[in-house]
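Following this line, the structures themselves.
There are two complexes below, and they share subunit A, which is joined by subunit B in the first and by subunit C in the second.
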Partner chain A sequence: MAAVAPARRRKRRSLPIGRILLLGFFLVFVLWPLYWMFNTSIKPSDDYLTVPPVWFPAAPTLVHYEAALFTYRGLDGLINSLIISLSATVLSALIGTLMAYSLARYNTGGRHLSFWVLSQRFLPPIGIVLPVFLIYRGVGLYDTHIGLILAYTVFTLPVSVWMMFAYFRGMPKSMEEAALVDGCTRWEAFWRVAVPLAAPGIVAAAVFAFIACWTEFFFALILTSRTAFTLPTVFRAFIGFQGAQYGEAAALAIVSLVPSIALGVLAQRHLVRGLTLGAVRG
Partner chain B sequence: MAEVRITGLHKRYGAFHAVRGIDLHIPDGEFTVLVGPSGCGKSTLLRTIAGLEESSQGTIEIGGEVVNDFRPRDRDVAMVFQDYALYPHMSVAKNIGFGLKARKMPKPEVEVRVAEAARMLGITPLLGRFPRQLSGGQRQRVAIGRAIVRNPLIFLFDEPLSNLDAQLRDEMRGEIKRLHQDIATTMIYVTHDQIEAMTLADRIVLMRDGLIEQQGAPLELFEHPASTFVAGFLGSPRMSFLPGNLALDGSAAAIRLADALLPLAPGRGLKGVADGQQVLLGLRPEHLTRAHTATPEQGTFRYEATIDLLQPTGSRSYATFRLAGAPVMAELQAHDVSRPGEKLAIDINMNRASIFDATTERAI
Partner chain C sequence: MQPTATIRRLKAAGAPPRLSAFAQWADRHFKWLLVAPAVLLILALSIYPLLFSLVVSFINYDFQVPGHAFVGLKNFERVVFDPVARWSLLLTAWLSGISVAIEFVLGLLVALTMVRSFPGRGVIMSILIVPLFISPVIVGQAWTLLLQRPFGPTNYILTQLLGQEVTIGWMTERPWLYISLIIADVWQWTPFMFVILLAGLTAIPPNLYEAAELDGVNAWQAFWAITLPHLGPMMLLALTFRLLDAIRMFDTIFIMTGGGPGTQTYTASYYLYTVGFTQFHLSQATAGSWLFLIFTALIVTLLVRRLLKVEPV
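Up next, the complex of A and B:
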């Protein structure tokens, strides 16, 4: 043992060159576009496409942010996106959890309902966007927050339900049964035992739903106009007759990253456990 | 404290008939063990008593009240699960107090009772921990604490020891028995382990294919099994069964195996039997000993055996030999036999032998 230990220590001290190179390459691969986007967002317009490129602007500027947020109404889009994505996420997580629990524990709808729920995702969105547009215009949901919240809730539900369904399925029934015998009603056993245990799954499903809503472009483009438009639709404006507004696009892209990153950091602890879909329990 | 009375109970899952007509009365304070092979309906019966499964037919009374339509929480039973079913997101103290809290007991009283239950089970130092920080035995203690803290009418145990290793299982078995002696509440305990059944039960209910095969005190079932199934299920190593024929000659009776005639004690009451009837002779290993006397004692049959398999356990050695073509196991003293192939005179105590009808497999 004593003879082995120093050898092991020596081995640990030598640097794993291969691993560092690999990680370094990966890091550059991931971060380079982000760096370039940030770089572009603070460059004066003249520096966009120079050869050789400007690696870091001599005089950083915030004019693109100002233009993107106010002139092009990026701030309104950001606020709309936050309202719509968060509302749809909460609704999707809430309804999805209830649906998934019902499917997993009561076998609601027999063998087919759970698959039918998922099968809603097989339909190409373009196939339903026109009918939805016509219906929305007819009932006054066109270009409203509620309209897009409803649409996004419906679109994200199948995946939320399916993720939660797998999670509840993987959870032993006996804990809820113990709660029932202990003195809980069905609802209390769900709320006080099943939901806390499924929290990682709920968080993971919610993060997925949020990302899907946050980046959705197609339905936002068709179903909104000047009131409920979301952040992704604002980017259309940066490609115009006289070329592209690279700085403004980059600035708005940076802004749009902030909520996603914040959410990722907040949910990280739950996310990894949630993505294993109930395989790992604490 | 309450008695349990089950009348004509059936449970069907679609086409599968899990419990096929159970009538059972469990007196107040009794420790009843439901035992049987997997799939015999014992867990289903227990879960139906708890209210976790609905009965398809029949009634369940707890303390004189029909509880068929009661929710589990209203039946005032406590249950210990095989996988402990502790709430992973709650501390040990919260786990134990959960049922009281769910029943809206004031917080100070919950704390007093949790502390008392923890003291009884010796888990007071663990109260602040979470289930994942506990060993299997500790988890099982917490699960039992969660049951006793409520002071329920009856306790239900669903194979509570099968996830523990052998040593811990023996230890916890003793603790459960002691617990029953201390609190004397009605307990219904499900297991597939016949040793647990024998050691714990005031009464064993042995189930097979959704029906009660036999019930009674452990020794009653062990010594007077009603069928080959009961005889084979209880006792380890198993009873040996030898096919033969009844030989009746006036008041004398014997069992004829292929090449041997084994006389039965004259006082043995054989009813409704016929000469030549096909039977199974059931011999437990402990009914066979090495011959120590010059002539066999009254009621024993001596046989010159050639040992073909020897399994020493330290205190005893299990020796298998062939009698009339069928394998028979004898429980011998450790030094009675030293190696397979040895020839040995074995005395078979026919007074304690069981006899079953070969076709119905019921005891004669």
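Up next, the complex of A and C:
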């Protein structure tokens, strides 16, 4: 080991120029739209159409944030998004963990059941949302928080189940077996032994479920209207910018992307598992 | 450790407590009780709607035509013989194919530059994954702010760089509107490819490269002989997952072009949305979504099954 370490360190030379250029180009490509959005959100309306464009406003302002949150009901959307995403996340993580444990430890339903859940992830939303819309209108769930919470719970279940399935599979059984031998019921072995041990995995799965709900647009567009509308649907007001609400649109975008980016970057250790439903260990 | 403490407490209580009849029944059927909530929810909100939509696609369910008469295959005929439907399916294939291809190549290149550690790698990593956590609606909004005339600065920047007046209608002229949609998709999802491929690259044992270097193999040969074969399963996985999401493309189109001008940027999802929710031909839209579902199912069975054979979970 001691002989290997210095060799490794020598490999840590600086990057060749081509790689630096590629990485630099890509960094600019990623950051530029974000910067421009931030810039637009604090720009006074007089600076919108100048040539050359204003790269940074001389007199930054927060008026667009105020207008986006209050005039365009962005705050209502934000609150709805929080209620709906948090509730759906808790439900999905709870129900998903229950199922994942059964699949991982008891092989319930063989491969069929787990693949059936996985296949839900790949259904085109348009195929589900049309009939759900008709059903919701019939039973009074259209444009309600509960309606969207249920839809989002189902929509995030494949991710929760498969991430937790992989997590339980990677966990040694011995603790739970010891608990069973000592006379615990299966439920106690699960709830008091396995769940506390799997807590980091559950949190990671919940974070990805939350981000999925927070950024979702299509279900919210069709299943809500004036009451339970979420933050992404508020952007409909800015389509085409007929009212030149560049600043309002940018301000609302900044407000809504901060929570999901913060969570995502915090959970980045689990990102590969989150993106591949646990199929790849990062 | 909490679990051992629990066990100790239970041991101290003596023999295991006698369970009630219900608890015994619950313990026997434990594994089925655990899956029940998830299965019931999926049945109620996914399988039942799907079956319901199958019924709807064979009857008249139209907010413009009263009654729910059985109409046979008429709804399917309407979709199949609608030139806009065929156009939207073709465009879906083209847009998703091109976007995913660019994302794959770009993601792989960036992943290759990030394999070895260098100062600042952690920070750059955190920045590169940011687009994954943004709503596609906002991504569409951000690129509209950059591209749309007269507000967006893109044409001005290009004019300065190229030294001649650039007046591209990014959201209105062919082929630029397709390019705009692809750029937005590439911006958001290249990190997806990058993250998965990087995980695959770091899993390749470095001594393979060291051995190759000793044998005088150059970097390009090492890439073909070592990197590609080892990365194969991961590439297939990344491509499959991304492709299945790309063919649903809707949000950015809704925000950036609204399907327009005319029907020029209709994708399959956008077409079905307009048929169902702006023209209110609900049964025609459900028939179309079933056809689209069958297309998707074909891709899933072809790619995902093979994939999960390669990659034991």
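The rule we apply is simple: the second predicted complex is superposed on the first by the 221 of 282 C-alpha atoms of A that agree within 3 Å, B and C clash if a C-alpha of one lies under 4 Å from a C-alpha of the other, contacts with A are read in each partner's own complex, and residues count from 1 in each chain.
We take it that a residue touches a chain if its C-beta (ideal position, glycine included) is under 8 Å from a C-beta of that chain, and two chains touch if they have at least 3 such contacts.
Being a predicted model, the structure only gives us computed values, none of them experimental.
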(request) Determine, under the contact definition given at the top, whether A:62 touches first (subunit B), second (subunit C), both, or neither. (result) neither
(message) Comparing subunit B against subunit C, which has contacts with more of the residues in subunit A?
(response) C
(request) Pick one for A:258: touches subunit B only (first), subunit C only (second), both, or neither. (result) neither
(message) With both complexes superposed on chain A, which partner does A:184 reach: first (subunit B), second (subunit C), both or neither?
(response) both
(message) I'd like to know which partner A:30 touches here: subunit B for first, subunit C for second, both or neither.
(response) second
(request) Please work out whether A:174 is in contact with subunit B alone, subunit C alone, both, or neither, and reply first, second, both or neither. (result) first
(message) Applying the document's definition of touch, where does A:146 land relative to subunit B and subunit C: first, second, both, or neither?
(response) neither
(request) Quick one: classify A:197 as touching subunit B (first), subunit C (second), both or neither. (result) both
(request) Using the superposition described at the top, list the residues of subunit A that contact subunit B and also contact subunit C. (result) 175, 178-179, 182-185, 188, 192-193, 196-197, 281-282
(request) Spell out the residues on subunit C that touch subunit A in their complex, using ranges where they run on. (result) 2-3, 6-7, 10-11, 15-16, 19, 23, 26-27, 30-32, 34-35, 37-39, 41-42, 45-46, 48-50, 52-53, 56, 61, 106, 109-110, 112-114, 116-118, 124-139, 141-146, 148, 150-151, 153, 156, 187, 190-192, 195-196, 199-200, 234, 237, 241, 244, 247-248, 250-251, 254-255, 258, 268-269, 272-273, 276-277, 282, 285-286, 289-290, 292-293, 296, 300, 304, 308, 311, 313
(request) Name, in rising order, each residue of subunit A that touches subunit C in their complex. (result) 11-12, 14-15, 19, 22-23, 26-27, 29-34, 36-37, 40, 48-49, 51-53, 95-96, 98-99, 101-103, 105-106, 108-109, 113, 116-120, 122-128, 130-132, 134-135, 150-151, 153-154, 157, 161, 166, 169, 175, 178-179, 182-188, 190, 192-193, 196-197, 211, 214-218, 221-222, 231-232, 235, 238-241, 244, 246, 249-250, 253, 256-257, 260-261, 263-265, 268, 271-272, 275-276, 278-282
(message) Applying the document's contact rule, which stretches of subunit B touch subunit A when the two form their complex?
(response) 50-52, 71-73, 77-79, 81-83, 85-89, 98-100, 102-103, 132, 146, 150, 156
(request) Please name which positions on subunit A make contact with subunit B in the complex. (result) 172, 174-175, 177-185, 188, 192-193, 196-197, 281-282
